[in-house]
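There are structures below to look over.
In the two assemblies presented below, subunit A is common to both, partnered first by subunit B and then by subunit C.
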Partner chain A sequence: MPPEKPERFDQVDWTEYANPTGWQRSTNTRYFLYSTVPVLALGLYDWLVVGPREATFVRLGADLGLSGPFQMIGLTHDPAGIDYLFVGTLLLFVWYLLVPLYQNPRMTRYYWTRFKRNRPALGGLGWLFLVFAGGLIGPFVLNTPSQDILTAHQPPAFTSVDEATVPLCVGEVENGRCYGTWEHPLGTDNTGRDVFSSIIHGMTISMQIAFITTSVVAVIGVSVGTVAAVSGGWVDEGLMRVVDIVLSFPTLPFYLLILYSFGASLSMFILVFALFAWGGTARYVRSKALSVSEAEYINESRLSGASTSYIIRRHVIPNTASSIITQLTLLIPVFLLAEAQIAFLGLGDSDVPSWGQLIAAGRTDLAFAPWIVLAPGIALFLTILAFTFVGDALLDALDPEAKTEADR
Partner chain B sequence: MRYYRYIGTRVLWAFVVAFIIVTITFVLLSMSPDPSIQQAATQAALEGGDPQEATDRQEKLRGLDEPLHVRYIDYMTGIATLEWGWSEYRNQPVTKALWGSLYYTAQYSIPWTILTLLFGPLIGVYSAARMYSWKDHVVTGIAFLGFSIPNFFFAIVLLLVFGVWLDWVPVAYRTDVPVVSLENAIQLALPVFVLVTGSIGGILRVARNESAEFQNADFMKTAKAKGVSPLRAYAYHVMRPTLVPLSTTVVGQLLAMFLGASLLVEVVFGIPGLGRTTFDALVAQDTNLVLGSVLLFTVIGVIGNLIEDIVFTIVDPRISYDDR
Partner chain C sequence: MTETPVLSVRDLKKHYPITKGILSRQGGVAKAVDGISFDIYPGETFGLVGESGCGKSTVAEAIVRLEEPTDGEIIVNPHGDSPENGTVDQKATTDAGWAAIDRLQSLIHRVPGIGRTASSADEADPRDVTQFDSQQLKAFRRDVQLLLQDSSTSFDPRMTVGAAISERLAIHGMAGRAQRRTIVEDLLERVGLSATDYDRFPHEFSGGQLQRIGLARALVLNPDLLIADEPVSALDVSVQAEILALLEDLQEEFDLSVLFISHDLSVVRQCCDRVGVMYLGQLVEQGKTEGVFTHPQHPYTEALVSSIPTPDPRDSLEEIELTGDVPSPENPPRGCRFHTRCHRIIQPEGVEIPQSEWRALRTLAIKIEQGRIDPDAVVASVVSMEPAPTAPTAVTPSQFDRQLRSEHDVPAPVSDPALEAALTDAIDALYDRDPERARSVLEALFRTPCITDDPDTVTVDDGHVSKCHLR
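This part shows the complex of A and B:
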C-alpha cells in the first residue's frame, strides 16, 4: 500500500477498472471495512455482555485474563455509544482522507504548497491539530477533573487574587494575595475543578461533535445532492423541495422543543443538528455536481455501460470532493457554536464537560474569577477562527478556478 | 405575467412548507410525554390521590383522550385561527405573551438590522477599494473576529468590562424606561453592538470579494477616464452591482443570527424579548408557550426565506422563472 517510487507520471490502479459494474471494491473501502470490525465487535460485546454498571474495558480485561496489563496502562474506560460512533467516523476520516493523501504524494504536495501561502490558515491548522491531539489523548492522560470545594476559585499561574475570595490557597500567600500554581495552570472553577483539564476534556466533546455531525451531514448531503443532479427530472425536483423544507427549519428553537419533550443528551444534539443541517450542503453539492455531470467523460462512461451509481461513485463524487470538503469545514463552527450556546443556557447534557458548560458555570463569578469564563471562551473562539481560516485556505488550495486570496 | 406567477408559486410553496413543519411539530408533540401530565400525576401522588385518575383528568383537560386525527384537525385549526392557547406561566393568552415580547425584541433588532445593512456594504466596498493595504487587513481581521467570536461569550465579556468594571451601562435591563430615551439607547448599545459585530463579518466579506470584481471592469475604466469623482464612481458603478449578490446572502445571514444568537444575547442581557420568553417557558415547562414560540420562529423563518427569494428576483431581473 505505501506508494513505491512512481515509474510513470501518475499511477493508475487498473484492477479498479477491471469490473466497473460490481460492488465497491476499492482497496481503501476494503481496509475501512476491515478496521471497523474490531470496533463493531467491541460495541456488540459492550451491548450484549457487559452490564450497565460495569466499565467495558475492566470487564474485557477480566474476560481475557489480562486485567493486570490493562490496569497497568490505565485502560479502565467505559466507552458510550457516542464514542463508538466517534471512532467509526475517525476511521472514515483516516481511510478516505489521510490515506488517499498519502497515496497521491504529487497532488498532496501541490495542495500543500498552495495551502501554505495562507499563513493564518497554517496557524489555524496547528491549533486544530493541538485540539485534535488533546481531545484524543487527553482523556487517557488526565483524569476527569474532580470537585473539591476547598480549592475553588484558585487563580491561574502567574496571577494573584485577593485571599478573601479563595477558601484555601494552594499556592503561596503574600501580602494577603493568593498566587496561582502550576498545579492548576489555568486556575479552578467554583467547585474546585481544574480549568485546564476541563478544557482538555472539552476538546474531546468538540471533536466528537465536529467529526460525527460532519460525517452525517456529508453522507446525507452528498447522496441527495449528487443523486438529484445526476438523475434530474422529478427526482431532482422532489429532492430539492425536501431540501427547501429542511432549510426552512428553525433548528435551534426546534431543538429546544425536542429537548423539552425528550430530555437532553449529546447524541440527541448531534442527531438533531445533523438531520437539519444537510440542506445547504445538498444544494451546494447539487450545483457542483450539475456542472460535472455535463462533462464529456460522463457521457462516455454512460455509453460504455456504466450504471448511474457507478458514475456517481467513480466520477461525480471525486470531482466535487474539493468543494464538499471546503463547505463541510466551514459548517463545523456552526455546530460547535450551537452546542456551546445550548450548554450555556443550561439545557445541554449535564454529564458532558463541554466548553459551553464551563462558561455557564463561571458566569456568576465573573467579576472576581474571570478566568473560568475567559479560558474556555478563548479556546472556543480560537477553534472557530481556526476552522474559518482553514476553510478559507482550502477553498483557495483545492479549487484552482476559485479566485485566490494569495494570488495577487 | 410570468413574474407574478413565479411570486404566486413561491408564496404558495411557503404555505406548504409552513404546513409541513407545523405537522412535524404535532407528530413530535404527540409522540412525546407531556410534562404537564407527569406533573399532575406527581402532584396527585404527593397529595395522596390516585395518579392514574389525575393523569386521565389532565389528559381530558388538554383534550388528549380524543383520537389522533381529531386532535390533529383541532391543532391545525387552532394554529390557523391564532388560538394558540393559554400560557400558565405568563397567565395570559400565548399570542398576547408573544406579542408583548416581540415589542422588546424589535427594540434591538431594528437598529441592529439597519446598522448591519448600512455599514456592511459600505465598509466592504471601501475595503475592496483599498485592497491589501493595512486598512483592508484591519477590516478583514475585524470581519473574521466578528463571526468567530461566540456572541454570548462576547456579550458576557463586554458586560463585565463596561457594566461591572467601568459602570458605563446598567447591568440589569430596565423595562420602565421610555422607548425613545437616552437610558434605553445606553442599555441597548451593548446588545446591538454584539449582534452587529456578529452579523457584519459575513456581509463585509461578501461585499469585499464581490466588489473587487468590479474595480477593474470596463465601465469603471470609462468612468474614471471621463473624470467621474471617485466617490460617485464607487457609489454608482461599484456599489450597485455589488448589492445584487449581497442581497441574496443578507436575509439568510440575519435570519440565522436572529433565530440563534439573539436568544442568547437576550438571556445574557436580561431583555424580556422572544428568546428570553422561549427560554423561561422551557424552564417553567409551559407547553403552550414553548409551542407558540417555536411556531412564531417557524413563521419568521419561512417568511424570511420567501423574502430572500423575492428580493433576488427584484434586484436581478436576469433570473429566469422557468426553472422552478
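This part shows the complex of A and C:
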C-alpha cells in the first residue's frame, strides 16, 4: 500500500494527479495583482467620486470619517494620474525584480559579486539609491518650495554674493557681501524658491520618468518582441515593420504638435516618449528570444510535456528579460536628458518642478547666481552618469559571455 | 522473445525537405532516417551506433516527436500493457462510439494522397505515437524520456537545478511544493549528489555532475523507457565510467529500458544487451551485442569493430580502413547504400581480381560516374609534375591515364583484361572531355548485385539480422 503522499519518484501513481490546464499564475504574479487592487481602487475613486478641486485624501478622510487621523499624519495629498502610474510601476519593480532577487539569494549573491567588481558602478548605485529615496520620501517631508520675491537669489551656504544682487539677505551681511545660510543650503532661485528642496522634488520627477518610461518600454517591447519571435511568419514580419515605423517616427515634432494642441504636461511627455521608444527593445528581445528558443533547455522543457505558453513564460521571457535590463538602464538617461532639454527650451510643463525647469529658470541669472543652474545641472549630470555606469556593470554581471571576457 | 516490447519502431522515416532559391521551392529531400525498424524489450538496453550524420539522433528525436516522423509507426507499450487495456489510449477505450468515429477518421486520413501514406493500411494502432493527440502525447512524455549529450546547455541558466527537476512534476499536476521537493531531494541523492544541491544553479556544477542531474531529471517522472543520446560523449573517460555505472544501477533498480545512442563502440559494447548498426539512415545489422561484435555480418560493422582499439597486441583482427566519402543522405547510392565504401564489394560475374584493386577501381569508377573528376585538374597536376615547363595542350593521353590512376591507387594495367580495356576507354573519353561516354562505358561493365539491388534483411541466427548481399 503506497503512503498517502509518495516521497519517492517511483512510487507516484500519476493517474491520481489531475492534468493541470489553463493559466497557472506564479505566486509573484498573484501578489502583484493583489497589491495593485488598492491602487486601482483609489484611482477609480479619485476619478469617479472626488471633485476636480478637491484633494483626494482629504475627501477620502471625510468619506471614511477619519479626517482627524488623516490630518494628523499629514495625509492631505492629491495624487495625479501620473502618481498612480508611478505606484503601479513601483509595484512591478518590487514584485518582478526585488522579490525574485530576495527569493534566489544564491543567484543574487553571484550577480552581486560580479557587479561589485565595477567600482564606479557601486558609487553610481549609491547615488541612484539617494535619488530614489529622496524622490520617494522627499515630497512627504519637504513642502513644495514657495515663492518669495524678497528672498530671491540667496547664495548657498559657505558662499557669498554682492549685497546688491539680493533684494533682502537672509544671512549675515559683512563688508557688503551677503553670506549663505543653512536655511537655504543651496541658495534660492529668482523667485525665492529653495533650490535644495526644488532638487528633492525634482528627484521625484526624475524617478517618475525613469520608472514609468522603462516599464512602458519593457512591457510593450518584451510583448512585441516575444510574440514576433515565437509566432514567426507574417506576424513576425508585420510586427517588425511596426517596429521600423516606431523607430523612424519623429517623436520630438510629434510632441511639439501635441504640446500646441493640448498644452504641456509631464504625463504627456512620458507617454509620448515611452510609446515611441520601445522599438529597439522589441528588436533586441526578438533576436534574444529567437536564440533562446533554439537552446537545448527549451527542447528539454517541451519534452517534459510543458505547453508552449508555459515555456514562453517560464523560460523564454526570464532569459530574455535579464539581458534587456541593461538596455533599459541605458535608455533612462536618454529620457532624463530629453526632459531637461525640452524644459530648457521652455517647452516643458512649467508647473512641474523638474531639474530641467530649474535650469531653465536660472539661465538668465547665470552671471551672478550660477548655483541655480549648477546645482540641478550637477544632480542631472551625476544621475545620468550613474545610470550609465550601472548599466555597464549590469551588462558585465548579467551577460554570461561577458564573463569570459572579464576573466581573461 | 515472447515478451511485449516497450517500444516498437516500424519502418520509421524522417525526410527533410531541401528548399532552394528565393521562392523556397522544394529541391529534394534529405533522407536522414529511411526505414528503420527495431524493438526494445522491458529492462533491456538497445544500442544504436553509427558514424556522425547517419541519423542516430534523428531517430531519437522522431521517437519522442521532437521532430515529426515522415512515415512509419512508433508503438509504445508502457508497463508492458496489451493493446486492449493500454493506458495511453484512454480515448479509444472510453467510448466505443467515439472510437469507431476516430477509426473512420484515421482511415480517411490514411488514404494515400489525402493524408499520410498508409503504412498499415487497414487500421491505426491506438498505441502509435505518431497518431497521438496532445493529451495522449503529454501522458506519453511521462513514459519516455530523453537524456541529451550536453547537460550544460540543457539546463535553464536562471533556474536552480532543483526547480528544473521539480518543474516536471508540476507540469504533470503535482501541486504540493513540499512533496515535490522531497521527491527531488531523494532523487538527487540517488544519483550521487546531495539534497542541498537543490538550490544551486547549473553553472555551479561540473559536466559530470550536470549529467547526473540530467539523469535525475529524466527519471523524475518514472519513465519506462529512457532514450540516452550520446549521454557520455561530452565527458572524460573516468567520468564516463561513473555515469555508465550509475545508469546501469538505476536501470536495474527501476526496471528501465534504455535506447542508448552512441558513436563510441567500446561504450556500447560495455553497456548494451542488443545493438543496431546504422549507416546512412538505415539499420544495416542488429543483434545481441556479443554476436554483433564477435561475428559481425555486415562489412560496415566489421570495419567499425576493427577500429576499436584492443589492449592485446597479439590480437589478429586487422584494422579495416574505409575508403571513399560518406555519401550525402540527399542522394544516397542506388543498391546497397554502403557499396561506395565497402571493402567487400562483390565483383561482377566472371571477374576475379584482388579485392583491394577492385575497391580502388570502383572508387575511381564512382567518381567518374558522378562527374566528380575534372579533366583539367588532372592535366594541371600532370603539368606541375613535369620538370620542364609544358603547355597543357602537350599532355598526352598516356600521361593523363597514368596521373589519374596513381591518384586513385589503380594499378596499370588492371589484372582483368576486359576491365582494363573498359577503364582505358573511359579514361580516354575523359581526356577527350566526353564524360557522358566515360560514364556509359563504365556503367555497362560494373554490374554487381551491390550496385543494382537493395539487399534484403537476412537472419543469421537468433535475432541477429544483417542487410548485405554477402549473407
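One rule holds for everything that comes next: the second predicted complex is superposed on the first by the 370 of 408 C-alpha atoms of A that agree within 3 Å, B and C clash if a C-alpha of one lies under 4 Å from a C-alpha of the other, contacts with A are read in each partner's own complex, and residues count from 1 in each chain.
The rule is short, and it goes like this: contacts are C-beta pairs under 8 Å (C-beta built on N, C-alpha and C of every residue); 3 or more make two chains touch, one makes a residue touch a chain.
Being a predicted model, the structure only gives us computed values, none of them experimental.
Visitor: Output check: A:247 vs subunit B and subunit C. Expected answer is one of first, second, both, neither. What do you get?
Guide: Touch partner of A:247: subunit B, not subunit C.
Visitor: Just to be sure I read the superposition right, which of the two partners does A:363 touch: subunit B = first, subunit C = second, or both, or neither?
Guide: First partner only.
Visitor: Applying the touch criterion given at the start, work out whether A:80 contacts subunit B, subunit C, both or neither, answering first, second, both or neither.
Guide: Neither partner.
Visitor: By the touch definition at the top of the document, which applies to A:380: first (subunit B), second (subunit C), both, or neither?
Guide: Once the two structures are laid over each other on A, A:380 reaches subunit B alone.
Visitor: Pick one for A:275: touches subunit B only (first), subunit C only (second), both, or neither.
Guide: neither
Visitor: Based on the superposed arrangement, let me know which partner A:340 touches: subunit B (first), subunit C (second), both, or neither?
Guide: After superposing on A, A:340 lies in contact with subunit B but is clear of subunit C.
Visitor: Please indicate which partner A:136 is in contact with in the superposed arrangement: first for subunit B, second for subunit C, both, or neither.
Guide: Neither partner.
Visitor: Is A:306 touching anything from subunit B or subunit C once the two structures are fitted on A? First, second, both or neither.
Guide: second
Visitor: Of all the subunit A residues, which ones make contact with subunit B and with subunit C?
Guide: Touching subunit B and subunit C on subunit A: no residues.
Visitor: Taking the touch rule as given, give the residues of subunit A at its contact with subunit B in the complex, in rising order.
Guide: Residue list for subunit A touching subunit B: 120, 241, 244-245, 247-254, 256-262, 333, 337-338, 340-341, 344-345, 347, 359, 363, 366-367, 370, 373-374, 377, 380-381, 384-385, 388-389, 403, 408.
Visitor: Per the contact definition, I'd like the list of subunit C residues that touch subunit A in the complex.
Guide: Those residues of subunit C that touch subunit A are 64, 66, 87, 135, 137-139, 141-142, 145-146, 148, 150, 153-160, 164, 167-176, 179, 182-183, 186-187, 199-201, 203, 217, 219-222, 254.
Visitor: Which bits of subunit A are touching subunit C when the two form their complex?
Guide: Residues of subunit A touching subunit C: 5-10, 12, 14-15, 17-20, 104, 106-107, 110, 295-297, 299-306, 310, 314-315, 318-319, 322, 400.
Visitor: Tell me, which parts of subunit B touch subunit A in their complex?
Guide: 13, 17-18, 20-21, 25, 28-29, 31-35, 132, 144-145, 147-150, 152-153, 156-157, 160, 164, 209, 212, 259-261, 263-264, 267, 278-279, 282, 285, 287, 290-291, 293-294, 297-298, 300-302, 305
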